[in-house]
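Heads up: the structure comes next, in C-alpha cells.
Labels run A, B and C following the written order; every chain starts at residue 1.
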Amino acid sequence: MSTTPILEVTNLRVEYHGDNRQVVAVNDVSFSIGEGEIFGLAGESGCGKSTVANAIMRLLKDPAEVTHGQIRFKGRDLLALRGEELRRFRWKEIAMIFQSAMNSLNPVMTIGSQMVDIFTTHEGLSVKQARSRSAELLRLVSIDPVRLDSYPHQLSGGMRQRAVIAMALALEPSLLIMDEPTTALDVVVQQEIMAQISDLQRQLGFSVLFITHDMSLMVELSHRMAVMHSGRLVEMADAELMFASPLHPYTLSLMNAFPPLTGPRIRLTGLSDSVRAADGSSGSCSFHVSCPPDRANCSGNIPDLREVEPGRFVAEHPRPSIEGTAA
Amino acid sequence: MSVTNPSETVAQATPDAPAVVPASDRRPRRGLLRGILGNRKAAFGAAVLLLFGVVALAAPLLAPGNPSLITAIASQPPSLEHLLGTTAKGQDVLALTMHGARTSLLVGFVVGAAATLVGLLVGVASAYFGRVIDDLLSLVTNVFLLIPGLPLLVILAAFLPPGIGTVVVVLIITGWAGSARVLRSQALSIRSKDFVAAAVVTGEHPLRIMFREILPNMASIVMSTFLACVIFGIGAQAGLEFLGLGDASVVSWGTNLYWASNDGALFTGAWWAFAPSGLCIALVAFALAMVNYAVDEVTNPRLRTTKKGRTRA
Amino acid sequence: MTTNTGQRRPRTAPIDDVSVRVRGLTKDFPLGGLFSRRSMRAVDNVDFDIPRGTIVALVGESGSGKSTVARALARLERPTAGSIVVGGRDVLKTEKSAASRRYRGTVQMVFQDPFGSLNPAHRVEHFLERPLRIHGKARTRQEVRRQSAELMRTVGLTEDMLDSYPHELSGGQRQRVSIARALAVDPEIILADEPTSMLDVSVRIGILNLMARLRDERGISMLFITHDLASARYVADTTLVMFAGALVEGGESLELMQNPSHPYTRLLLSAVPDPARTVRYDPVQRARLRQAVLAPTACPWQGADCSATLPVRHTVGPDHWVRCHLYSPQVSSATNPLLTDSDPDLESNLDAAPVPTRKAAR
C-alpha cells in the first residue's frame, strides 16, 4: 500500500435546498485515500456518509448540491468533469456498490446479460468476448459461471451481492466505494462477503471506501477509519489504533454500543435514538456528546479535526493548558 | 451523555436526505389540496373545471328559457345576436351548449363517483380477504373487463327504457371493472405491509382495517381513478347519445352532437352546430387530465420538477 | 390466561410458570400453482417453551423459518400441524378459525421494519388509541390520552410525539412506538421479530435495554427473533438455534455461547464480527467449514449422517441440549471430533476462527 493518495476530498460541503431552508448534510469534510488502502467511514444513519459517497460519484441530484470544496481523483478535479468525460470516468475509475445493491439488479435480465452490458458499453467488446470476461469475473467471486444465465431471483442474497461486487470490479476500477454492502444479509453470509472483498482487494490492489454503521465490521477490514457525526468528521486514524484507544467520546460511545460475545453480561448504554439534525444552527447543538455536563464555557464553535499525533485526527477544541473544561 | 430534546430537532425523512419539512408543517396531506392548487398544471385544470361548473350552474340565468325551443332562423352562423349561431332547427347553439353542460357534467361525475366506489369496494375486499373471495371477485371483474364495452353499452341501452337514468346505469356497469383492477393491485401491495399485520394482531375488525388502515394510503390512486372515470363518463355518455341510444329529448353535449349530425350539419358546413359541444367535451377531459397529473406529482415527489436550474452536483 | 371462572388471573399468582408451550409446530408453504402438490417445509416440528417472565431468543439464518414461528404464534399464519398452548389451552383447537380478542390481548407482536410497521397515514396517538379502545383499557378521550402518555414514557419517548407522524421519527423511535403499541393491551407475551435488525447498530442497545426492562419490571415474556448472536446473548435468558426449519440447539444463553455444540452454532458464532479477535479468518477454510455444516448429507464427521436418521436432543450441559448424533451417549467424548481439540484434520476445518472452547483462556 503506497502513500500516494488517489482520492483527496478537501473541505467538502454539501447542502440540501428545501422549500425555505438549507440543510447542510456534509460540513467541511476532508480526507484522503491512498493506493490500495481500505478506508472506512463510520457513523449513524443520517450523518452524511452516503452523501459523501454520492458526491464523489457525482450522483447528487436536486435538491442536493456541492456548495464548497474539492474532490480530486488521481490529481483530476472530479467536480469539474462533464458529459462524456464523466461517463467514461464512472465505473472505469471509480465504481460503487449501493445500499441493498442486490435488490437493484434488473429482475428481468439474466446476470450474464447485465454483465455483458458493462463490457459492450464501456469497452466495446463483442458479446462473445464480453461473455468470457464475465465468466472470469464470476469465478473471481466464487460463483460458478453457469450462473451467467440465471435471473437475480434465482440466486440467494449472498450470491446476488457477490454478483454485484463482480459487476463493480468489471472494469478494474482504482477505487471501489461500498455503501453498507451487507445490510439485509445475515451474519454468516456477511462474513463471506467481507472475506471475499478482502481477498479481492489483496489480489487486485484497488482502494476501498467502505461506508457502514457497523463499526466492528469496519475495524476488521479497514486500514484507516474515520468517524462521522452530523455531517462532520470527529475522528480519523489507523483502524486498529482507533479501536484500541478511541480519543473522541463519540467514537467511544459508538464502539461501546456493541454487546460483547464473551465475558460477563454488562449493561451498556447505546446512543440516544432521538432524531438528529444535520445543521447546528437551530440553537441546539448536536455535538454536545463530547462536552462536559457543565457547558457554561461553551464557545459555540464546532471543533475541527486536529492532528494530535502523526496520522491521528480528533475533532476537539484545543485543551487549555490548565485543567479546565474542554468544550 | 446528555440527550437532545426531541422536540427541538427536526424530522429526518430518509437516511441520506435530511428532511426539509419544517416542524410547523407536519401534516403530510395538508398538501393534497394545496399542492394541487400550487401546481401550474393543476391550477389551469382546476380553473377550467370551475369555469364549466359555474356556467353549468348558472345556465338558467345566462340563457333563460328552454334552449330546445325554436326561437330563430335556422342554420345561422355566429352573429351578435346568437354568439354561436343557430342549429338546423333554429335553436340557439350557445344556450344549448350551456344547458348541455349541466347534464353532461352531472352524469359524468355521478358515473365517475359510482364506478370508482364500486371498483373500490370490490378491489379492497378482494385484496383484504384474499383466497376464495379474491378469486371470485377477480373472476367477476375479469368477466366485465372482457366484455367489449361499446357493444355492451349499445345492447343495454337498446333494451332498457330510454332516459338519463339508463345512461348512468349502463355506464357504471361498464366502467367499474377497470378501476377495480387497479385499486385491487394497490390494495394488495398495502395489504402486505407490516402495519396491516400489526392492526390484525392488535385485534382490529376487518372492516376497520380496510377503511381506516388500507384506504387512507390509497388516497392518491383513488383520486386519479375517479378523475379517469369522470372522463370516461363524459366521453362514453356523449358517445352513446351520439349513436342515438341516449335520451334524445334531454339537452346535453352528446345529444347536441346527435342532432347536429342528424340534421346534416356536417354536410351543410354548419360547423358552429357541433364544434362547441365537441370542444367542451375535449376541454373538460383535458382539464381533468391536468388535475390528474398534478395529483400524481404531489403524491410522488420524484415526479416533481424543482424550480432551481441544474446545478453542479 | 383465565381461571375456570373466566376472570383474568392476577399476575402475582401464576398457576403455570410457562407462558407458551409450543409442540410439534410445522408449517408448509405450497409451491407452484393452485393444483400443485409440492410444498416447502418452513417450520419442521418445533418444540419449545417460553417460561414466564423470560426472554427466549430464536437465532438462525434468513430463511431458517424463525419469522414463520413468530407469525404462527401471532396467529398470522395457520400452522400445518402442532399445538400452541397458552393459559393451559391449545389455542389452535379452541380458537380454530381466528384468534379471539382475549388472545390478542395476551400475545402481541413487534415487527422488523420500523418504516413499514406504522401506518404512514396516522399519527402516533392512533397506534396507541386503537389497542386501548379495542381491549377496553380506556373509554374516554382523556383516559386514552393519559394512558397513551404513560405508555410513551414507559418506552422512553415524550408525550408530544403522540402528535407526530411516523415519518417524522427516527427508526429507533418508531420501534419504541411499536413496542408501546404492543404494551397497550397489557400483554403477557411479546413476539419481537428481528426488532433491531433494521436499526443502526448504535441504536440497538437502547431497544434491547427496553426489552430487558419490560421483562424485569413487568414480567412480560418475550420471544426475541434475531440473527445477531451478540444481541441474543445480551438480553435473552435462553437461546434456541434454528436451522432449516428445525431447532438444533438450545439452552441458557451464556452457557450456549460459551460452549457451542452444534456445528451450525459454531459456524454462527465464528461469523460474528469481532474486532478483538486476534486471529484473522481464512476465507478458504471458512468456506470449507460452511460447506461441511450446511450440506448435512455429507457430514465430515464419520458415523454421524443426519440424512439417515433424524438426530434427537442430547444434553450437553445443565440447561443445554443439542440435536446432533455426535453427542449421543454412544459417541464418547474421546471420539467426538467436535470436542477433541487435537484432531489434526479437523483442526484446520473447525479452528479456522477461534471459537471459544473450554480450553481457551480469555
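Convention: contacts are C-beta pairs under 8 Å (C-beta built on N, C-alpha and C of every residue); 3 or more make two chains touch, one makes a residue touch a chain.
As the structure is a prediction and not an experimental result, all values here were calculated from the model.
Ranked by C-beta contact pairs, the top interface belongs to chains A-C.
Comparing the CA-atom centres of all chains against that of subunit A, the greatest distance is found for B. Centroids built from CA atoms put subunit C at 32 Å from subunit A. Taking the mean of the C-alpha atoms as each chain's centre, subunit B and subunit C sit 50 Å apart. Residue positions 168-170, 173 of subunit C each touch two or more of the other chains. Shared interface positions of subunit A, i.e. residues touching 2 or more other chains, are given as 45-46, 253, 269, 271-272, 274-276. In subunit B, the residues that touch at least two other chains are 6, 11-12, 19, 21.
Residues 61-62, 168-173, 176, 199-209, 227-231, 233-235, 254, 257-258, 267-269, 271-275, 277, 280-281, 283, 286-287, 290, 356, 362 of subunit C are the ones that touch subunit A when the two sit in their complex. Residues 74-76, 99, 101, 104-105, 108-109, 111-113, 116-122, 130-131, 134-135, 157-158, 160-161, 163-165, 167-170, 173, 178, 181, 185 of subunit C are the ones touching subunit B in the complex. Against subunit C, the residues of subunit B that register as touching in their complex are 6-7, 11-13, 19, 21, 26-29, 193-195, 197-204, 213, 216-217, 219.
Across the complex, subunit A meets subunit C through its residues 44-46, 142, 157, 185-192, 194-196, 198-199, 213-217, 219-220, 243, 253-254, 257-263, 265, 267-276.
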